[in-house]
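Each of the next two complexes has chain A plus one more chain, namely chain B in the first and chain C in the second.
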Partner chain A sequence: MNLLLLTDGRFPAGGHAHSGGIEAAVMAGRVTGVDTLAVFLAGRLTTAGRVAAALAAAAASGAHDLVELDAEAAARIPSPALRAASRTLGRQLLRTARSVLDAADLPDDLHHPVAMGVVCAATSGLGPADAARWAAYDAISGPASAAVRLLGLDPFRAWGVVAALMPEADAIAAGAAAGAARPLTHLPSCSAPLLDIGAEHHAASEVRLFAS
Partner chain B sequence: MKARARVVAAGDGAGGTRLTTLRSEAPLVLRDTPGGLYLVGGAGGPLGGDDLAIEIEVGAGARLTIRTAAASIVLPGRPGDGPSNLHVDARVAAGGELRWLPGPVVAVQGCVHHVEMVVALEEGAALMWREEVVLGRHGEPPGSVRSRATVDVGGRPLLRHELALGPGHPGAASPAVTAGARAVGSVLLAGPEWATGAGSTVVGDRAVVLPLAGPGWQVLALADDAPALRRQLIAGIEAAARHTAGRAAP
Partner chain C sequence: MRPDDRPVRIGIGGPVGSGKTALVAALCRALGAELELAVVTNDIYTDEDAEFLKRAGVLDPARITAVQTGCCPHTAIRDDISANLAAVEDLEARWKALDLVLVESGGDNLTATFSYGLVDHQVFVLDVAGGDKVPRKGGPGVTNADLLVINKTDLAPLVGADLGVMAGDAAVKRGERPVILCSLVDDPGAADVAGWVRAQLAR
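After this line comes the complex of A and B, so read on.
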């Protein structure tokens, strides 16, 4: 049950304020409807989602120094706007978890996927595989929900796209969990140039609904 | 074809640089010219099945620039030859400078190319590292390229950057990744003179210059062809130079 609690969109960790890059993609005309949303999410899952799942699983495994792991996360996010968003989401998650889960000894400042892993490690019954599934799911569910709001999409069709990606998300999470204890430089670092480029345009834009 | 090349550049103590080791094997031929060191590829290639490795060492006070004479046209081998592999391993000592400025890698239809770049900078070392990938020759569908850069400064991670492009990598043409852009490139600027300055700069619709968490910048750009990509990367380097003490001219 604890994984359901953490991944619930209503869990008060601030994720709803971020669009996972979909707002920038909509503003640039790269995502215009369900079909382009589907390929956006597939690309996001195999890049940013894969990296987040690997970092979350590594953090939950307890096999790594958290400061070093957090530095590995930062080196995988060249965009300062995305680093700031990842930091904010990580801090908010840790603060929420400290209070909700009564886990006073959690650190307070980590990148979001590393924070996910740390929270899983501190939560009864959860481990690296759960952290990886959470991070992979979060990589597509957040932007899908934001796309419904931004483009007025049919929610059934938008979430159909997410559902169709579940086997791929499962495979990515399984790979992340299996490699959780590998040396840190071997963690994946798949980049999605347009997420970085879009995030900087988005940060410079004056009219926006989401923080990132 | 398996080939190994190695170059060692040492400072001569008077502001100059000597190449103390320069070893090549066809098709990886290193040629010393007044304009810098050139990597002269054999005719065509890398080719499927090739296993190429370059080792670069830049000592304290030495400056080394490596270019290629032309674009690298990556071709598929015969069936069963497998992917082509290029491994570049570079170390730069404090006070040394490496500029790795090869031409674009053109991924021809059917090729499967893997590039692994590992760069270790001592604290106080400088780096300009360019990477340009063009997906297919003009009017042709592309092959597949995966490249991975692992760059450390003083033993700490500066950049981990992996690109997987072409038909072998589903999702690569996604609007989250390249949106089908045919030319993808980046330049990493690291070292004391590129110590992070003010915030990021939007250079163009598909080009930005990003201050990293560590001491450096990444210029990141997408374009429709190699010349447009090069223009965006140069504009990005110039933008980063305006924020820092870095020298723009590549």
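After this line comes the complex of A and C, so read on.
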């Protein structure tokens, strides 16, 4: 139940203001409908999502120094705008979790996936596999809901795309959990350059609905 | 109750264009000399309000922070206040002697109100040009805000709005809760609203 609590889209940790890169992709004409949304989400899941799941699982395992792990997270986010967004989301999650879960000793400033792992480790019954599932799911659910708002998509079809990606997300989470305690040099570092480039264009654009 | 060790936080909400940013500027003008102030704005798709306040020169730009709300201004002030709380707390950490933090919401509809987890008091701003029926329609902002401001009274003759009807309907909806009619064009220091703010700080 604790995993459902944390992953509920209504859990107040500030995610609603971020589009996971989909607003930049919509602005650039790369995502225009459900078909291109499917391509975007599959790409995000297998790159940024895979990395986030691995970082979250590693953080939840308790096997690593958090400062080092956080530096590994930063090194995997080339875009300054995305690094700032990841930091903001991490801080907000930790602040919310401290209060909601009555966990005063949580750290206060970590990258988002590392924060997810730390919160799971501090939540009864949760571990690396849950942290990885959360991070993988978060990598696609946020942009899917933003796409519905930005493009006026049929929400049933948009969430159908998300549902179709669940087996892949499960596999990514399982891989992340299996490697959670391995040395940090084994962390994946697959990147999606257009997400980084788009995030920089987005940060510089004058009119945007989402913070990232 | 507000913890004594932090500044008073006042939310300014209301529909788009009713004069929220103008009221924040007016309060900075009126209270800037006697109080340590900071402002958080919530803009829907730009940082226009923060930029306007910075340009207006009513407050040190370093005391103004813009929060981006992602399509849903009401979510950011009510259901998920985490980004706004972080912005307020960052300002409070930076300016240790603050007395007052004003949080302007992104313009939304009549149902958008602040969570009391974010602010201690809230002001709802309507304007005369929105039509004199709006107070009668009620809604959480009109009915429950700690102060209702009916702005732009200077426009009443131009739009055929009856100020008596607006004040009367507001009083029916709000009972004992205060209502202030004003024109920020005629009174750029919003004297009555500034007085209400002073009274909240003295409580």
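Note that in this section the second predicted complex is superposed on the first by the 212 of 212 C-alpha atoms of A that agree within 3 Å, B and C clash if a C-alpha of one lies under 4 Å from a C-alpha of the other, contacts with A are read in each partner's own complex, and residues count from 1 in each chain.
Following the convention adopted for this analysis, a contact is a pair of C-beta atoms (placed from the backbone, for glycine too) under 8 Å apart; a residue touches a chain by one contact, two chains touch by 3 or more.
Since the model is a prediction, treat every value here as computed from it, not as a measurement.
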Inset, instruction - Would you check which partner chain A:Pro188 touches, where first means chain B only, second means chain C only, and both and neither mean what they say? - result: first
Inset, instruction - Answer with first, second, both or neither: which of chain B and chain C does A:Thr96 touch in the superposed model? - result: second
Inset, instruction - With the two complexes superposed on chain A, say which partner A:Val207 touches: chain B (first), chain C (second), both, or neither. - result: second
Legend entry - First (chain B), second (chain C), both or neither touched by A:Thr46: first
Inset, instruction - Have a look at where A:Arg83 lands relative to chain B and chain C in the superposition and call it first, second, both or neither. - result: first
Inset, instruction - Mind working out whether A:Ser124 is in touch with chain B, chain C, both or neither, as first, second, both or neither? - result: neither
Inset, instruction - Across the two complexes, find the residues of chain A that touch chain B and also touch chain C. - result: none
Legend entry - chain B residues within the chain A interface of the complex: 148, 150, 156-164, 169-179, 184, 186, 199-200, 202, 205-208, 210-214, 218, 220-222
Inset, instruction - Over in the complex, which chain C residues touch chain A? Could you list them? - result: 44-46, 67-72, 75-76, 79-83, 85-86
Inset, instruction - Mind listing the chain A positions that touch chain B in their complex? - result: 21, 25, 28, 30-31, 36, 39-48, 71-72, 74-81, 83, 184-185, 187-197, 200-201, 203-204
Inset, instruction - Report the residues of chain A in contact with chain C in the complex, numbered from low to high. - result: 10, 12-19, 88, 91-92, 95-96, 146, 149-150, 206-211
